[in-house]
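Here's the structure we're looking at; comments come further down.
Each chain carries a letter (A, B, C and D) given by its place in the written order, and its residues are counted from 1.
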């Protein structure tokens, strides 16, 4: 499926529903995807950070890719994360994704060794040159501890095959610099990670959001995107307030270093969508933590 | 080959000599290993950070494991790094290492997601319980951005199968706390990463070093270890000074974020040992950078 | 002069024009203040970070306070920074400010020792209880390395005398949490530091901005504030773009760790407003750096 | 009193005993100093981090300087911290210290604004040129968030008046680099902050320690220093173990961000030496925390 360029809209970073340590929850995945598609989301992104990709075996990752492509069919484009610390692994998995029917690939910086902006650019160039699908760079310094400078993104935007940036830095000054420096490429897509600033990012020129909460309430994020797209800013503000409420209620229960992942997964379980089992070594919520989530969902 | 418990001595974290992006430099590896064994090192550690494991394909990592086991035979024990962000991948690779003849496994913290000390402990327990070889935890917060608290190491030391800690934090206060808190396990090995404090760490009770420079000058590090073991501290000081000279001369050329890896590999090439090609996306040294290295080696 | 509660509008954090290491540029200060008042700014903030307070002697700080109060008269309220690592110094200077005619005080976290949120709250309470003027907390973790949690701000908002927060974190998720948690105090003012997200912060409910660029182009920031206040968002976007241009052009010349301070001061000198001398130990721009600034101003 | 060059020995960073928020505990200070001098310490350092200088008023700081000089007389040299974010304040206080009879001054990096190594060097040069006493630089990146590069220290060592470095980084690789790069100045003193690595630092060439624990057990640190000086390394190891025990027992009670300061002060109170009141905004220990300290002291 050909990706629109620039890619626009709400592309939820779907969780990977787990039936066990190395097993997919098939029916949960189906329910998850159907809800997202029914709500009008513009694409699906598997194996991002919200998808806990780094904590899953490659066997399971490929199964997730194939199953998602099969379930989604040609209804919306599917993107897949190929982030790895080893270029050769990213390339190999990228080819497997292409064979499975994926429409675009997302790659964060290799996240173990320290490196320079030139190294990051060289890595991006290898991916774009050797892989048959559009590549979206993924800036998530909070987890990779490496950041693509805005100038590096602009250099990367000169490479055919680099189709956009997903920015999860939460830094709207950076986002504006990226937008300005890549404006020579009208087909370059800039998507924002943190859903709590989705409306503001779009006001500044971003094309959409990779919003974790769209796993749970996809229609809310689609509405917010439409409102921002049509410059109905009063609605952007009121819908954004609902996003903040969801974020405060579901992503901040228990230990803060893992509360986002455990919260979103358990909320999906409590909602009857899919298994809430987090990937090892994270533990599921305790019963009191679960009650907090259920309490909010019941309102 | 059975590992002595506690494991003691100089166990060089060998570089992975590359003939290409995904190809091993066989004869280089052989020369490298023979020099190390001839110098009296007490073991070999493949696929650590110095081995650039995270930047290599799993195919190449397994080849490196097998080839090293074949070349070393039963002359000294070989340890292998199984660090991965995914438990299932670490387990699978751990089993493959056991089948290839590896004697012990080394695992750093999963290095992408944030997690708690309980999560780190649970991860260590899974490795120790499910793998058939002794596990050495590997504390390297500079790269993993997660640190095993000294108390967590002490908890882990209660798990049969956890055989020791390699500490690359460079923090000798932490090292002392670990030594004290694990003293209930006389067979628990504490090895120090940064070679520049090897003598001091041993004075404080560490059992040996995983010294990168032992790729280059294995006899220097073996001498230093023997001097420390026999409490000949004047010699520890003078040999330690030579280690600092090597470190300053070879690990600080060019961009500081990558200079250690590029320096050690090019020095081995300049010495005629093996290929100096760093793993992608790092670039080899420029000619002026190479000259600085060659200049020092020539002295 | 009584402060409106909540305080709203553009309150420029004025630079401290220096005639020498410990001497004020009086006529420069007068020109600076007159331009700001003429442009319709809603207040003046002296001795913030942009005012280089921490790098100035207390003698000079008090002179700056007195001279500004004298020059401004009762045309707009003047706020002053009393941030210090020592509570007693902050209190003493706060009293001196009150005597000089200051209308409100601004205090960042004590910025040397590490401390807990309870310690920060206790510090805020001491200031609010012992000083006769409204206190605005100032969250600037990039410089103080301590952050007021949103929950701590909410606790502080229960203390009479704590009148608001200036947030320079640049984190709009945090800003939203603060706004929600302090909503029980309709007179509590939330002002945003980084001018590059002023429009977005106001859309989310912030009351105004402490915008460094308003030293240079006060009318631009007042216009932007009015547009945001009146929900003319197309104008917010286009004016915000001009702010980003100014920021990119003037705050990013030379070494990035000091470019903001050196840039804003030299631009004022080049514009004929006041001396561009930065406080010791910063050095003035080199001639080539100055040319870059002049080049942009000339356009 | 003329300082030996290089300055050698144990120079305790004395706490500032407080009778109230802005009042000195005179008799406590006297007891504290007498114990230290009686134990054979080689100097006294007031108004360092352990002395909570940054949390004290300048009035109290000067009182502490004067009272200490009066009490110590010419028995041992007294050094004083003049660290401030404002050069003019450091200079003024430095002159006041000289008038009070201080023998040497200690200056950490200005700790609010970010700056370059050139700025740090320029700052050091101003202090050394304009003040009449020897200046010791103080590297404490954990609190100042700025670090003097080893190369910067070497540059500073070329300035007459810069007499040494106190390094509290805890990084013994850095310490070795400093020692090597300043070896052209045989009168340049390198003192180590963290007492837990005092023996190791001296083995590497450091001249002594600014050991917080010497407030409590001065004779232990003097013994350790003598053992290291005379290369009795078995004794260095066993005494070092006692230092680690003290450190683990007294500096790790309660909240870790403030436990060092609260622990050392309360232990002095429990020992009957001086008031344990920490400087605002820190709170004294709770009763259960106090019991832990008393329990250890009783053994």
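The criterion applied here is as follows: contacts are C-beta pairs under 8 Å (C-beta built on N, C-alpha and C of every residue); 3 or more make two chains touch, one makes a residue touch a chain.
None of these values were measured; they are calculated from a predicted model.
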Contact-graph distance - origin chain B, target chain D: 1
Copy pair chain A, chain C: interface residue numbering same or different (half cut): same
Maximum centroid distance from chain B, chain identifier (CA atoms): C
Centroid distance [mean C-alpha coordinates] between chain D and chain A, Å: 50
Chain C-chain D separation of Cα centroids, rounded to whole Å: 35
Per-residue overlap in chain C, given as positions that touch at least 2 other chains: none
Chain contact topology (line, ring, star, complete or other): ring
Touching pairs among all chains present in the structure: A-B, A-C, B-D, C-D
In the complex, chain C residues that touch chain D: 21-22, 49, 52, 54-60, 85-89, 92, 110-116, 118-120, 122-123, 126, 143-145, 255, 257-258, 261, 279-283
Residues of chain B defined as touching chain D within the complex: 170-173, 176-177, 180, 194, 196-197, 199-200, 203-204, 231, 233-234, 236-237, 240, 244, 247-248
